[in-house]
C-alpha cells in the first residue's frame, strides 16, 4: 500500500488536531495535581512547595510551546497519511512522559539525576517533532511560505535540541545549568516576535 | 517580525478555543476529586465535607464564568497572533492554579491564610484576562458592537479586580468577608441579564 | 438587557457542545479511577471490586444517556442565550457530582445511605435538564418536529424523575429496589428504538 | 420507532467524534499517572518502574490504534443512528477498562493472572468494534471504496480477535507469550502501509 492510497478527507485533519488538543490539555493540567495542599496551617507551610511550583511553571511553558508549534505545523498539512498519524502519536507519547519527569524534578528538588531525566524527556519530543515535521513537509502544502516556514522551524528545532543535549553534560557541573538550558529554550521559543527568529531565516526571503 | 506577519487562517481560532475548552473542562472537573468519600458509614460522615463542597461550588461558578466570558471575548477575535496565543496561555496557567487554592480553602476550613491565597488566585486570572482582552481589542473585530463590548467588559473586569483587591484586607477582619467578595463577583457576573450591566455601558449607546 | 440582546453567532453553539463534551468525557472517565488495583496476587483478589464495578457500569450508562440526550437537545437549539449557558453549566455541575456518589455507592457496598445519596445525585441533573430544555424550547427551533421532540422528551424526563423520586422511599425497604429504579430508568432511556417511546408521543402525530 | 426515524444532521457525527476523542485522550493520558515517582534518590530507584512503563507503552499503542481505526471507521458513517451511538458508547466503555488492567499488569509484573485479565480487556473492545462497524456498514456510505474498506477492516479485526483469543491459553505456558500476542497485534495494526494489508483485500480490487 503506497502512502498515497490512504489519503483522507482534508477535514480529518481537524480530528487529529482535536485529539492532540485533548491529550495536550490533559498533560498540561494533570501536572498541577502534583501541587498537593499541605496539612499544616499557615502560609509558611506552602514554602516547601516551591520546587514543585517552579518545575510546573517550566513544564507548563514547555507544553504550551509544543501546542503553539504543533498548531502552526499542522496548518501546513494537507492530507492525513499514516506517517503523519503515527509520528503525531509518537510525539504525544513522548510529551505524556513530562508530568512524570516534572514531578520527579520537583520532588527531588532539582537534583542532578532528576535534571538529567528531565532534559532527556525534553529531548525525546524534540526528536519526535522533527519526524512529524518531516512527514508534513513531504506531504503538506508546497507553497513558498510553507517551505520557508519548514526551513526556519527545522533550524530552530535543531538549535533547541542542541541546547538540550548541551545541557546534559552541564548538569554534572551544576543541575541549575541544566535547568537553565531548558529555560533558555523556552524563553527563546516564547518570543517568536523577537529578533531571534531572523537568525533562522534566509538572508533574502522573497518579498 | 511584526505581529502582522504571523497572522493565520481564521479557523485556527477554533483550535485556540478547543484547547482552552479542554483545559477549562479539566480544571472544572478535577476539583470534584477533592470530594473524597468518607470510610465510615452513615450520611453524618458526609457532613465534614461541607467546606470542600462550598469551595467547589464557588470555584465551579468562577471557572464557568471565565468560560462564558472567554467564549464571548474570542467571538470578537479575527486573527490568531502570537500576543493572543501567549496571553491565552497565561490566562489558562493562572486558572490552572484554582484547583490547588480551592482544595487548600476547603481543607483548611476557610481559614484566613487559605482565603488570602484563594483571593490571590482569583486576582491573577483577572489580570491575565485584561491582557488577553487588550490583544483582542487591538487585532480583532473593529465594529461598533465590538468596541462597545470591549468597553463594557473592560469596565466590568476592572470592577471585579477591584472587589477582589478590596477583599484582601477585609480577610483580616473576617475570612468570610473575603469569601463574600469572591461570591459577590460571581453573582454579579452570572447575572448578565440583570440591570447591573447597564452600569458599565455608556449612557447613549448608538442605536 | 433583554435576552434577545445577547444572542450570538449560531456556531458558538459548537463551542457550548465542545465544552460539555469535554466535561462529560472527563466525568465518565475519572470514575474508572475508583477501580484500584489490588496488591495481593490472584484473580480472586479482584472479586471484592464488584460493587465498585457495578456502580461504575450504572453511572457510565447514566452519563452516556445524558450525553446522548444532550446531543439531541442541543441540535434543536438555534441561539446561545445567557439562559441556555447557565442552565447548561448547572446541568454539568450536577453531573460532576456523580463520580463522588458513584464512589460512595461502590465503596459502601450499596448501603441504604449510599443508595439514597446516589438517587439524589440522579434527581439533580434530571431537574437541571428540565430547566435547560425549557430554555431551548423557548429560544430554539420552532418547527413541528422540534415541538414534537420537546413534548415527548419532556414527558419522558418527568417520568424518569418520578421513577427516581419513587426509588427514594423504596430504598428504605431495600437498597436494591432503589438501585433497581435507577437501572430501570437507564434501560428505558437506552432503548429509544423500543415501543416505549410511543407512550410519550401523541396518538396522532402529523404525517 | 424505526431506526430511520432518529436519523440526524450529518454534522452531529462531528460531536460523536469529539466526545470519543475526549474519552480516548483521557484514557491514554491517565495511564501515565501509574508511573509514580520514587521517593529514594538516584536513577537506580527508577528501575523497578520498568514493568509499569512497558505496560504503559503497550496500552498507549493499543489505544492509539483504536483511535486511528475509529477515526477511519467514522469517516465512512453518514448518519447518527441510535445503534451507532450505543455501539460507540459500548466501545468507549470497554476501552475505559484498559487503564485498570494496564495498572494491574504493571504492578503485578506481567504475572499469569494479570496477563489473562489484560488479554480479556483487549478482546472486549475488539468485539465492541465489530458491533460498531456492523452498524456503520449498514447505515453509512455505500460506495465501493467503503464496502472494500469494511471488508478488509472486518477481516483484519477478526484476525486480531483470533490472535488475542489464541494468546489466552498460551498465557498458561508463559505470560510472555500472551503479552507477545498483544504486542503482535499492535505491530500488525501500526504498519498499515506494510504488505500485510494486502492479505485482507480481495485479489482483484476494482481499479
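A, B, C and D are the chain letters, set down in written order, and residue numbers restart from 1 in every chain.
As a convention for this text, a contact is a pair of C-beta atoms (placed from the backbone, for glycine too) under 8 Å apart; a residue touches a chain by one contact, two chains touch by 3 or more.
Since the model is a prediction, treat every value here as computed from it, not as a measurement.
Enquirer: Counting shared numbers against all numbers at the contact of chain A and chain B, is it over half, same, or under half, different?
Expert: Different: fewer than half of the residue numbers at the chain A-chain B interface appear in both copies.
Enquirer: Fitting on CA atoms only, what is the rotation between the copies chain A and chain D? Please report it in degrees, nearest 5.
Expert: 90
Enquirer: So, what's the distance in Å between the C-alpha centres of chain D and chain C?
Expert: Centres of chain C and chain D (C-alpha means) sit 27 Å apart.
Enquirer: Taking the mean of the C-alpha atoms as each chain's centre, how many Å separate chain A from chain C?
Expert: 38
Enquirer: Any chance you could list the residues of chain A touching two or more other chains?
Expert: As it turns out, chain A has residues touching two or more other chains at 18, 22, 25-26, 30.
Enquirer: Mind pulling up the chain B residues that touch chain A in the complex?
Expert: Contacts found on chain B: 1-3, 6, 8-9, 12, 15-16, 18-19, 22-23, 25-27, 30, 82-83, 85-86, 89, 92-93, 96-97, 99-100, 103-104, 107-108, 111, 113, 116-117.
Enquirer: Can you name the residues of chain C that touch chain D in the complex?
Expert: Where chain C meets chain D, its residues are 17-18, 21-22, 24-26, 28-30, 32-33, 35, 37, 39, 41-43, 46, 57, 60, 64, 67-68, 71-72, 75, 190, 192-195, 197-198.
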